[in-house]
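In order of appearance the chains are A, B and C, and numbering begins at 1 in each one.
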Amino acid sequence: MRRDDLQRDADGGLKHFLTIDGLDRPLLTEILDRAEGFLGVSEQAVKKVPLCRGKIIANLFFENSTRTRTTFELAAKRLSADVLNLNIGTSSTSKGETLLDTLRNLEAMHVDMFVVRHNVSGAAHFFAQHAAPHISVINAGDGSHSHPTQAMLDMFTIRRHKGDFGQLTVAIVGDILHSRVARSQIHALRGLGTGEVRVIGPRTLIPAPVEDLDVRIFHDLREGVRDADVVIMLRLQRERMTGALLPSEREYFHLYGLTEAQLETAKPDAIVMHPGPINRGVEMDSQVADGPRSVILEQVSNGIAVRMAIMSMCIGSQNRRSQGEGDG
Amino acid sequence: MRRDDLQRDADGGLKHFLTIDGLDRPLLTEILDRAEGFLGVSEQAVKKVPLCRGKIIANLFFENSTRTRTTFELAAKRLSADVLNLNIGTSSTSKGETLLDTLRNLEAMHVDMFVVRHNVSGAAHFFAQHAAPHISVINAGDGSHSHPTQAMLDMFTIRRHKGDFGQLTVAIVGDILHSRVARSQIHALRGLGTGEVRVIGPRTLIPAPVEDLDVRIFHDLREGVRDADVVIMLRLQRERMTGALLPSEREYFHLYGLTEAQLETAKPDAIVMHPGPINRGVEMDSQVADGPRSVILEQVSNGIAVRMAIMSMCIGSQNRRSQGEGDG
Amino acid sequence: MRRDDLQRDADGGLKHFLTIDGLDRPLLTEILDRAEGFLGVSEQAVKKVPLCRGKIIANLFFENSTRTRTTFELAAKRLSADVLNLNIGTSSTSKGETLLDTLRNLEAMHVDMFVVRHNVSGAAHFFAQHAAPHISVINAGDGSHSHPTQAMLDMFTIRRHKGDFGQLTVAIVGDILHSRVARSQIHALRGLGTGEVRVIGPRTLIPAPVEDLDVRIFHDLREGVRDADVVIMLRLQRERMTGALLPSEREYFHLYGLTEAQLETAKPDAIVMHPGPINRGVEMDSQVADGPRSVILEQVSNGIAVRMAIMSMCIGSQNRRSQGEGDG
């Protein structure tokens, strides 16, 4: 079964959201269009729509991330769902329960959607493969594989500023090797027909297979951002660095840290992005992070609208399928 | 005051739910009948009924159990209550506050119901004895004493598969000595008029007073499950085992672990139960756990309906009593 | 900018609630009057009013306090808000994020109100100074500086028992030096025109500048409570005591622990207060804590009504201001 098949229902609707790889342009565009409609909900006095009322959404975070969990929780609550926060590290698995037993038990409790974050690549796919048909799984980051909701909120932010992707040059800077975010961004940018996608970083942090993804590789920051419309900085995953791939953070900042000087070669109206939290003075200096070209906080706001879009599309697929059963 | 008196209001309704011991057959049956009505709620698109809207239910877990807490939380949310999760181990008691002060403070916050789990036997009774009249207490497991909601969901599962208890032979296998679940199951099975109740386990793990409960004792698994309609496996509470009552887990599995071969003497349509989480390869092998006779995941689903039944009956008693005051 | 200016909107309404210092009598009285109206909500069958429906209130507790967090959570839920509990100690700051980045990110998620507790004095002010205009900040305790909601619930409790403040003698007993509660109480009592405010404690625990606050200082407990209408005991913050300011808890109790004997000189109808949790046998004995003059549990109940009042006033200010924008 191809991965995109696992993600889609019989009508081509979104059933799970696991990876960008294999999703086509109309579906990616539908997610962005839907998110557009949800942007306004956060501005309303009553920040709620009843699309997921009575649904149970479980946050299964095997890897701790308060920030990402919070955005999913807020998105779920704005859709009027009930949210269950399960910090799995400290619960059943410590009693020797297998991942599959955890899944089966939560299924038996009639949870409707799992938001899964795990430090092992493929964990969300595993859940989706084994989940009962009425359940949706959303990947909130698995190992160094994929972080598709982050990529979609980045695409949404780019589209709001730059419109059509066909004319754009987008540069991704940093630790491409360990970044599930980068991998998902590249698939999304390619899927949306981006003019040129570049990756920039030291040789040790750019994996060889990245060339197959149709990107241009740069090792010099100033060269890489030349005439770019969008510069996406990655977070230096210090906790994920194994071995001495980098001399020091200071050296890294000297070579790949974004400053106003380094940005000089980019287009004058280029936007600067970062998934957060920023290591100030490592990936970029504060002048850039808080400067007029930074859209970093917009990314956070957009993240809630994009997650609402994805969640509501998956729940919509469930509703259509259960009505189908009723009709049949 | 007899324990059942503490649990009932002046009209005989359920005020607290602390122990099965002393509850009569009509009340046990009423709980099962009510739960039947709640089963459907989990299947609805909007999984909610407004029976406890505006009520505050506090989960007081002095002993950590994500799984049990989650089922109570889901049951409460489906009844539209607001849920307060208090992990007491890390809060007020660490500031030197007494149990009674904790109770009085939560009472003063107008909490309506306490779900109490504690590693000391009698903790839930203590809360019920000292709680203000408008508050209900539900025992979610106290020491090695009682775990009455688990027993009721087991009864519910048995009734749905086997109907009338009068004709049934039910075997409980494992560490009877340390099991609050077994104690509550025996009381519930006896209270519902079960034909024959058996306990099976090594001599060191079957306490002498169990004979007074009108059960047959077996030390051989194949003999014990002969012609049984229901086989209930207990979880081996490794964390509760003090001293060397068992040679090893391997030896335990050899003697008391359930396999298809050991099940051969049971009735062909016998069902196999376990409160979860399973120690696969200790209490039973995966062939049985995931096999056609296993109803283990149904137990989880039924647990939510049964807890909704018990919670709504207690809140109903509160409402009747407060209306009574209003009338008087 | 004066502190009270930061706390108020252009119409003089309450925008943030950071400190009692600088708030005038009409505003303090308005809070108490509003809280009066909310007392009844906790007595209703459905303990909810829709004043903050669809609003997101984030509990940012950098310093752990289950009790205080719970009362804010209950207050928010009774106002129908959605609550986000963020235990910041274990999240973003551990990834090296600055306080300002945390604030900006939560702002970007369209949180409407921050309830901030921090062990550094001025933390809530910092948040209020840097927050976007549509956000309110409530101080739930900052360092040894201020704990204004606790002080207001104490004032509310006093007014319900004693009426007009002008005729009252109020004695505050204990570790004045380290107590943010005492500081806020003194400002509130003075602001409401209390007849006489006294502080009682060992010389080492009464800071010199307290004299400027127009209070009488006593070092002898029996002398200090003579003819008092209200005796407020402070909690001995053992965790905050640096160095050997006290000989021992036993010695402290002997000199400053409240007993019926020590209370003899107070007015016969004097009330005894404590912010909780009580160290029984240190600040007071159980005879007093549980005796007829103790209003300690009423304080807890009143705390929810007072917090509802303050939260709804701040949200009301937001609503007026955003409507103003709409009209302009």
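Here, a residue touches a chain if its C-beta (ideal position, glycine included) is under 8 Å from a C-beta of that chain, and two chains touch if they have at least 3 such contacts.
Which protein is which chain? UniProt says A, B, C = Aspartate carbamoyltransferase.
Quick caveat: nothing in here was measured; it's all calculated off a predicted structure.
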Touching subunit B and also subunit C, the following chains
A
Are the two sides of the subunit A and subunit C contact the same residues or different ones, given that same means over half of the numbers occur on both copies?
different
State, to the nearest whole Å, the distance from the C-alpha centre of subunit A to the C-alpha centre of subunit C.
41
Could you list which residues of subunit B touch at least two other chains?
none
Touching subunit A in the complex, subunit B uses residues 42-48, 64, 66-67, 70-71, 73-74, 77, 276-280, 297-298, 300-301, 304
Can you name the residues of subunit B that touch subunit C in the complex?
53-56, 82, 84, 86-88, 90-92, 95-98, 101, 104-105, 107-110, 319, 322
